[in-house]
Each structure stands twice: as structure tokens, then as C-alpha cells.
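When the chains are written out, they are named A, B, C and D in that same order, and each has its own residue count from 1.
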């Protein structure tokens, strides 16, 4: 059972490549965009000047080509919550086929002290609602 | 009076640049994506193998910065219809402010003979419904 | 006679689109990158915190498709110098064929006061050396 | 001891994001571009119509921010060679600091039969010369 939330994307002509598919480098772009609701948990205003997240690692498995001309659905959930870091799990579907699946390691970060910082109880509770 | 149709975009974090705005090179990407309904007039299936359009020229006026964190609305209309070419007129708004305005010269094109081809009466009628 | 300077690009696979060419939205990206030496005239450190330029308008004429697999050469010159603004003229060649030509209106800008500012005599002299 | 080959990139202004760094989604783009010499082993002409590779998985560890204004060096090597698949290992350095490290799973693929195909002895020999 996959919980979390859903984001829709219209693949762009400019996102295709010469093979006639969506280029693989586009999937991390969609996944980052689909993390907006998670960004909002940490930075409710989405003001970049108040940013407090850092990306430590991404991985993406490509299962099938994704095409231009048909809507894409990304399901985003939280698959691990640590002391100061957490993992986001994302699945990209087109016409009910899973075309890509990714995991992103994020760290709650203080850009002023340049250090990771613990995730507060309140934020943790919101992330837990997105657990898969 | 601006007719045409409206497309919405969620600016992506990856589309910002170091100045904290959406980078200027992103606006042509949104405008191309917002031309999808026009592409559908020429290529109803949106199958790239059947593509019959070529882009001859783009111009974009930047009126104000566009930001991450707030939805963008692009209004697309057709501002000129010639024998084999036409001009698309697009306006990008964020929070009711016009942030960019562009014009794109498109040519109905036969990729097999490598030549422009006249716009049919039926397609012309559909483009006219988008006239601004 | 085209003076100015030359920048080379290796077209990227991810920059192609389903038509098998470099997507049109990539040319403004290369042109912006090829303006780096002009940015250095205004911001010698290239530190974004000291940025003092704004982009007012771009236009690009597409003359022929550009392909993956063969180096691209962009020639950049300055085609107009006004009081606080100037125009950059850029030509993109692949295998000695002109594939795209663009003009960019730039404004010398003070991000603190949010106003354009005159181009100094010293900067003007450097821009004049790039005149086409 | 890291063998392989080196590719240089000039970070582009458009590749920065609002945090003032190169956006994380750009690193896979550079890594794909730096795989061109590997693509050439499989498709000497680099003609997309003859493409015979598929990307199965990417992962990237972000070690430090990468900035605009200073050249980037990517070292690419081959870290595993299987029957029909192989792994590419890439490291991104800026000013001698490792800023990102990635691994890409590639599969030798026949787009006509839609199946993976064994890596020939000759190609294998060339990949082995890039072993890390």
C-alpha cells in the first residue's frame, strides 16, 4: 500500500531526447518538483532565503521509457525518518505503468552554521503522515 | 482583449538561478510546453514521428522577475496566420503581473521533402479560433 | 567581418529532442553560457552576490538544425552600446554552417536600488573591443 | 588509483539555483555528457538512429556544493563489466574538491528486438581500458 501524495506532470517536448523518450536526466527534475509539499513542511513560505534542506543522495531506477504526449503521475512518500535526515521515495507512472522509481536522501540543514540539525517533533509528525 | 487559452505551470526549484528568480532560459521552455494545444492541431496524436512543424524564430521580452513558490499562468494566442507559417503570442503572468511576453514563428513543414507546406483550410479555421 | 570571441560547446545527448536535433530551447542556454566573458567585464569575480546585469529581451533565429555528435562554435560580439544598456549578437555554427543567430538586450542594473545605471567609461571601452 | 578519462565543464549561470549553487539535477546531465566517449565505443558515429544502449539506474552522492565561475572536472571510469551490462563510475571535482560522485548502470540493448544483448569481445576490451 503506497500512501503519500500525487503530483501530475505534462511531459514537455523539450524533455524528450533523440530516442523519442523523455531523457533520463528529466526524471530527477520532476522528482525534485514533486518534493515541493515536503519542502513546504520545512519552509512553509517556500522562500529560498529560509531554505533548510540539503540533498545528500539521489538514485533512480529506470523501469520503462516515459513518453511525450501523455500525462505522468508521481507518487511521493517518506520511507525513512532519522534524527536529522530522511528518505523520500518516488514512483513515476504513465498510463498505469511504473516507468521510474527513485529514492532521495535529504538532510535538515542550517546554512548559517553549515551543519545538519535535528528534525523537530512537529515536522516529524508531518513527515510520518507521508510514510509509505 | 486577449483570447486564446491558458496553461498553468508550477515553477520548479531547479528552474531558479543564483539571483533567486526563474532563469530567463526557462521561459522559452514553458512557452514551448504551452504550445502543446497548437501542436495537437497539427499533430493530433502528438506522435513525434508525424511531426510537421518547425520553429523559425522566438523572441521573449522580460518584464519582471518570475519566482519559485507561486503558480504561473501562460496565455497563448495566434497573432498571425500566413500561407505556410504563423505566429504564436504568449504572455506569462504570476500573481496577475505580466512577467514575460513572447512571439514564436512556426512553419508548417514536411520533414520528408524538407519544405514548408501550406496550412490547410481546416487547420487555419482552428488557428483562427485562437486569434488574439 | 565578425569580431568578438568564440566559445565551443559539445552538444549533450540530453539536449536533443524527439526530432533528433538539439531542442530549440537549448540555444538560449548556450548563448547565455557564451556571454560569460561579458559577464566578467561587469562582474570580474563572477560572484552572483555582486551581479549587476539584467536581461531585457532575447531573440533567436533558427536557420538550420543543430545536431548531437559534432562540436558547436558560438561567436559573440557586441552590436550596440547605449547609456545603460547594450545588445549582444551571437551566431551558432556547426560544421561551418550557421544554425542559429541571436540578439540579447542587457541592462546594467543595480539590484539594491532596482534601477538601471549608466555604463562606465572603462566598461564601455571593453565592450567596444567586442563590437561587430 | 583512478584511471579512466577526464572531461571539463564550464558551469552555466542557468545551471545554478536559488541557493547560489549548481542545482543537483545538473550533475546527472554533466555525467551523461561525460559518457560520450563510452557512447562512442558502442556507437562510433554517435548517430542516434544506431543507438544500442539503455540506462538502467543512476545514483549520485552529493559531497559538497558546486559553484558557477570555476571549471569542473569529471573523471569517468568503468567499475563493472557484466555479460550485457556495465557500470560507469564518475567523480566531479571543482578546485580539487570532490563535489559529487555517481554510478550509472548501462545495458547493451537492441532497440529492434527490445532486448539486452551481450557485450562483444572487442567492446569489452575497450571498456576494460577504462577500468578503475
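As a working rule, a contact is a pair of C-beta atoms (placed from the backbone, for glycine too) under 8 Å apart; a residue touches a chain by one contact, two chains touch by 3 or more.
Quick caveat, the model's predicted, so the values are computed rather than measured.
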Point to revise | Selected pair, out of A-B, B-D or A-C, that shares over half of its residue contact pairs with C-D | key: A-B
Exercise for review: Report which interface contains more C-beta contacts, comparing A-D against A-B.
Suggested key: A-D
Point to revise | Where chain A and chain C are represented by their mean Cα positions, the distance between them in whole Å | key: 33
Study note, to complete from the structure: Cα centroid separation, chain A vs chain D, in Å, comes to 22
Review point. Where the centres are mean C-alpha positions, what is the separation of chain A from chain B, in Å?
Key: 28
Review point. Got the chain D residues that touch at least 2 other chains?
Key: 13-14, 16, 18, 20, 24-25, 29, 32, 48, 68
Check your understanding: Which positions of chain A touch chain D when the two form their complex?
Key -> 18-19, 24-25, 28-29, 32, 48, 51, 54-62, 111
Point to revise | Residues of chain A defined as touching chain C within the complex | key: 13-14, 16-18, 20-21, 23-26, 68
Review point. In their shared complex, at which residues does chain B touch chain A?
Key: 10, 12-14, 16, 20, 29, 32-33, 36, 39, 45-49, 68-69
